[in-house]
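Down below is the structure, laid out as structure tokens.
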Amino acid sequence: MVPTLVKIDFGKPASAQKGIHNRFHPDIPVVASIEPGQIVKVECIDYSGGQVGNNDCADDILDLDHSTDHALSGPFNIVGAEPGDTLAVEVLDVQPSTEQPWGYSYIAPGVGSIDDPNDQDADKRAAKSIWDFHGSSTSSRHIPGVEFQSRAHPGVLATAPSAELLAAWTKRECELVNNCPHTFVAPLPEAVGAFVNQDDLPEELRQRIYREGARTGPSRETAGNIDVGSLVAGSTMYLPVFVPGAKLSVGDLHFSEADGEPTAAIEMAGILTMTVSVIKRGVKELGFTSPVYMTSPREVIYRKQLTFTGICVSPNGVQHFSDATLAYQNACWSAMRYLMKFGYSWEQVYMLMATAPLESRVIATANKPNTVVSLGLPVEIFKFDIMPGNGPIVARDLRKPAALSPARLAAFLAGSSANGH
Amino acid sequence: MVPTLVKIDFGKPASAQKGIHNRFHPDIPVVASIEPGQIVKVECIDYSGGQVGNNDCADDILDLDHSTDHALSGPFNIVGAEPGDTLAVEVLDVQPSTEQPWGYSYIAPGVGSIDDPNDQDADKRAAKSIWDFHGSSTSSRHIPGVEFQSRAHPGVLATAPSAELLAAWTKRECELVNNCPHTFVAPLPEAVGAFVNQDDLPEELRQRIYREGARTGPSRETAGNIDVGSLVAGSTMYLPVFVPGAKLSVGDLHFSEADGEPTAAIEMAGILTMTVSVIKRGVKELGFTSPVYMTSPREVIYRKQLTFTGICVSPNGVQHFSDATLAYQNACWSAMRYLMKFGYSWEQVYMLMATAPLESRVIATANKPNTVVSLGLPVEIFKFDIMPGNGPIVARDLRKPAALSPARLAAFLAGSSANGH
Amino acid sequence: MVPTLVKIDFGKPASAQKGIHNRFHPDIPVVASIEPGQIVKVECIDYSGGQVGNNDCADDILDLDHSTDHALSGPFNIVGAEPGDTLAVEVLDVQPSTEQPWGYSYIAPGVGSIDDPNDQDADKRAAKSIWDFHGSSTSSRHIPGVEFQSRAHPGVLATAPSAELLAAWTKRECELVNNCPHTFVAPLPEAVGAFVNQDDLPEELRQRIYREGARTGPSRETAGNIDVGSLVAGSTMYLPVFVPGAKLSVGDLHFSEADGEPTAAIEMAGILTMTVSVIKRGVKELGFTSPVYMTSPREVIYRKQLTFTGICVSPNGVQHFSDATLAYQNACWSAMRYLMKFGYSWEQVYMLMATAPLESRVIATANKPNTVVSLGLPVEIFKFDIMPGNGPIVARDLRKPAALSPARLAAFLAGSSANGH
Amino acid sequence: MVPTLVKIDFGKPASAQKGIHNRFHPDIPVVASIEPGQIVKVECIDYSGGQVGNNDCADDILDLDHSTDHALSGPFNIVGAEPGDTLAVEVLDVQPSTEQPWGYSYIAPGVGSIDDPNDQDADKRAAKSIWDFHGSSTSSRHIPGVEFQSRAHPGVLATAPSAELLAAWTKRECELVNNCPHTFVAPLPEAVGAFVNQDDLPEELRQRIYREGARTGPSRETAGNIDVGSLVAGSTMYLPVFVPGAKLSVGDLHFSEADGEPTAAIEMAGILTMTVSVIKRGVKELGFTSPVYMTSPREVIYRKQLTFTGICVSPNGVQHFSDATLAYQNACWSAMRYLMKFGYSWEQVYMLMATAPLESRVIATANKPNTVVSLGLPVEIFKFDIMPGNGPIVARDLRKPAALSPARLAAFLAGSSANGH
């Protein structure tokens, strides 16, 4: 039988679970060992550690404590892995927990990457959508009119950084923060919120890990929160090894994610089945110094896509230079405006941009100054016809997403927009 | 029979061809009319207007006169199209000219978007690859070891800008250039190199067009040089109309292009078959203020991809903030380094990044500061096994691309790197 | 939570399970009700009811009691379904039982459809292969060198026949048997082996069902053992309703099946998740008098296939008239001979013909007398290169499938080949 | 430049063209030579040799002289090919002639394989549909409501039989005809209608070829009229060589063909581009004694299919034994009845069964006596919604196909149904 290396009591918060942690650090002890070629199962709580409820109110989104991101399972010792080797992590299966056959997405002030720059209310918006899983497909009572097949995957696969790499991360990210002091640009190491749910961890070590550990938000050389929506069963991720045993962490399972993931994907708790092999000296011999993956023949691809494009001119008409991020944002905004014509709210389409099986491609970068990026909407996933040219668009009665409670909204509007994220 | 609206004498330079032009301007007279629903053919010279030869020397690349980019066919009057309408341009077929069953790609100083920032020789590099077309597939004697199926498409589809839009383009691009005075950032209007190959054009109008006309390099709201590699037969491009009759220009045919197109795709001369319909008041009713397209079931998609990822940390270790362009570059550089292990030169793999059917996807943007972008290499297109983990990589004897002649290289190295692009 | 309508104690034989049955009859009482639109889970024992073991000896295959085929779960009352309606059964998920993460295929005398007509030993061959499930993929220690992604599906979905339809089946099948008295051509109603595992079934009714009930082997108007390998999660099967409540039976789960299924697919025990809706008067209004299904975007399709063809000339050179069955057999035999060159035995390749994701297409039927049928081998599923023209084929050391024990083989050879099928 | 080995004056009948022939015989002289690896073009007249016109009357279908089938280009000497070798014929491109951008399908008494057994008028039906080519897609004024992308391919690729093989063909087909004297079952050698359009062919040889030559209708060991709809650009066909130089014949180009091709595909005149290589001793070393092909990544596959199934019970209720041909017919009839509900005539849907990109798969053969075969209708190709369950089906005003002229119909009905096939 396939062993289960970490077991989660789904429905309980992260603090009640053993074998999970939320910082990257070379000295976190491993919780189990995996032999190369062995098939193992790992249970994973959702990335927030159970902070979000299956209900119709978004207050919990405003309360989300991001200092505890991401509740990861592991780390695991990969027997025989040494610094300079490359791990090949084959994803064999990703299933939601049977006790919790649903997931969530949300938007919140300061969290997303496609906030509307002209929207005076952007910092007041918090909304949530609950996605019910129907076997391999999903739909949301908060975003009616769409249903799609899953592309379930782990958002986080990570080897541990060496002490040197960790130091380099901290240095470069602090420099960035120091150069842009007025905006949220990166989560820096911070003991508040940190946890390593292992009983016999020496307190000195624990405090050092909490103090020094890299935050899990950004993806880095070890993959980490890389959020590859294509990393479904049948795919393989290649990761560089920086410490003896690799110290592999996994988690942040998604039922589905759009390319570009501008806010939360469909976050879920569940079970990852995987096998790991070791390519000796892969870092040097393959030259894989950053994550590389093989796609899977299982990935569901909806080929018929109504595809929006963006260039790098800002909404207020300023020309930027070869800025693919802005081009991506423009493609999203263009698609969002179109979908809103069918009756959706801004909040709803924002969440669709992160959850549905959309395809975003870097189209062209050499034609300065206008980088072009695309965003494709699969025609098949909508229950109404989104094809242009078939007559006037009729706005439907598409219900609103789970929003803030009236009291909470009033309090929030009265207070500061302090949350950061 | 299907009419051919512009006829090209393939093999002759742009100056010998009627019905072509290389600037965008509302007052360029139309050369022919197209009824909605009518099927038409349009012959197109290659974007450079015949400046590049099918030979093994890259000197012509260094001599390329970019002031004459792009030699476009048209413009065409779309009967009944008015400002505010949306054109639906259905691509029905794209064929190379039978007289010229080959295309070319190249790199040149200052042209590409993924020049190696650590490469001291980057501004000395000029190289070319000739791609022979074998029916629907292609290979290059200058980049052995790869062969792939075409995704033939027009790089440029463009409606004409209104006078107001043209003025806005010029204003915003001049401001960008003024704010970055020391680098090439955008091609501004310039009479040198401009042409409208129509006999009876009043001289005053001609000079005004040459003086004011927008350069064709960057993609803008009217699509223009949008370089969508997916715009193969069976796809449809939706374009906003800004002037009466739309004044549609087409050209810049590619036999194949990689996502991200960091330098020239496989440029070719050929024949575009298309049909155009008009969606009245589409700009307002659909909200399509920028180009939108429907994908085609014909597009060849190679699903098995070894996929490299990049984040926005520069090669010298500096952390940037949510920069998808840098992430795309890192993904390319990672893939390029890997392919070079098999025996290719930097020049060869750079051209592969723009020509082969690679897939680049925006993976994740919300996890600040590290945007993630992917670059997938289709395993099938290589004649050797590029899968990692199957033993040591053996460098093959893969011949060099067409390079500069010794004399030319010496002269170039002695002189300035003045070309601009 | 999703209700589980039938629960199986996996690993125990069919006789120990409630809510299963192995005959089709209008009067079998339903074991549970399903509301239209409700999502339900149904556990299913493997088709044989647990007769085959995970071991390396094929003796159990020779002992297989086919009189008890197929152990089906149900029948279920579909609330509101009436004769003349059409059921739309959406397959939402098919998972192997976690206790039994393996399946089996086999060949046995008289069972398959592609027995070698020139093989003197055909009636002595019995072999088995055990397939281990690695998440979404599978491989077999008995057929090394192949690994592929699942296309898990229910082999049997069936509404109950009306009394009239049941009578028609029995009549037409008896006539066939009577016209071909010397060969096994169809399983006729037979009380031996019949079971309906419900406690409170009146004995008279039970005996009548056993006596009259249609055998489950052949597919018929109600679908039944239709063995559509494409019926994976995300697909929908449309079935005609002949009795009040439809009386839906399900089972015979497969992890994977080849087109054409000439012997057992990869048989497994597991859990089906589905939802059922009712199209009123669908039989008349849609004209769906036989099963119809919608394919799923989830189905794994391996596009690169080395494809063998067959025409309807028998191996001994006799020309048959427009016989697609013989053409299919010839395509299989051609593919099998090719694969045997790589080192496989006849038994192994026979089982591959029924288990791997092969694609068999009816190519052409109008060109009398030679109907053409194809059989495609996906290149990707083999761990060695099966492409022709890359040098001489080297036979590998590919281990033998689980075969009969020496004692059993001797006894079998000495005895009659009486088994029937 | 790529040489064109046979040139056709499109629009003229077969008798006016050099380098074509319509029988298979080892002694037909080659018309040109092809070096292994060389790329060549071959022009091909339509299979009928120009007998069918682009008009709205089907009288020419009734007049079709099938004794002259198929007008093939060649044969070609493949330099170095010897008996026992295997040819690898790579299809590089298939284009309709630019002078004749249309094709045709038809039904006629005795020609098809899915004539309705209950249709008293079957022997009176003759109908035609003209398909206009719009670049890569096609539609027909005679079958409105459908449009689809091409899968252009050669219906015939054939090596020449040896004298021995030719004799075996004649023997086995004569035996079949003799055993079924009352029906049309196979076209036997017949000098009437035969032609080899070469000027200097000795008369004795010519007469012998005409007398002995195999008819081109049926596919056989040399491929011949194999009608593989997947043989699009990018695919490769492997053929056994029986005579020195292989003597390759090509022709019968189709713009599109349905799996199962029960009557004429979309027949067209056009140009085939191909390259041929030789695998020495392939017949023995690969064991390829019948045609084998590699699929192409270019083939357009419409994945979303409403799929009908058939078993081998005849329309009058008689159970047949494992008859895949009857199962295919039942699947077609079921799909045809469904499509007729939308307003089509029997003639129209019959032609759709042979022309649209339908997929027919052999589903299951082991479950005696009922073989199951499927027939999938791509949902995307219809301009109206064919999905079941979305409300009542409304019959549209879908115009009739080109039919017989009144005079001709009357004469035909009065006369015998003598045509043969």
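Going in written order, the chains are labelled A, B, C and D, and every chain counts its residues from 1.
By our rule, contacts are C-beta pairs under 8 Å (C-beta built on N, C-alpha and C of every residue); 3 or more make two chains touch, one makes a residue touch a chain.
Given the structure is predicted, the values throughout are model-derived calculations rather than measurements.
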{"item": "A-B compared against B-C, more contacting pairs", "value": "A-B"}
{"item": "Chain located farthest away, centre of chain D as origin (C-alpha)", "value": "A"}
{"item": "Computed distance of Cα centres, chain C from chain A, in Å", "value": "40"}
{"item": "Mean-CA-position distance for chain B and chain A (Å)", "value": "33"}
{"item": "Centroid spacing, where centroids are CA-atom means, of chain B and chain C in whole angstrom", "value": "52"}
{"item": "Contacts with 2+ other chains: residues of chain C", "value": "297, 301, 303-304, 380"}
{"item": "Residues of chain B defined as touching chain C within the complex", "value": "303-304, 380"}
{"item": "Residues of chain D that touch chain B when the two form their complex", "value": "1-2, 39, 91-93, 95, 99, 101, 134-137, 149, 233-234, 273-275, 296-298, 300-302, 380"}
{"item": "Chain B partner contacts - residues on chain A that touch it in the complex", "value": "86, 88, 111-114, 168, 172-173, 175-176, 180, 184-187, 217-221, 225-230, 238, 259-264, 277, 279, 282, 285-295, 297, 299, 301, 303-311, 313, 317-325, 327-328, 330, 334, 337-338, 341, 354, 359-374, 376, 387-389, 392-393"}
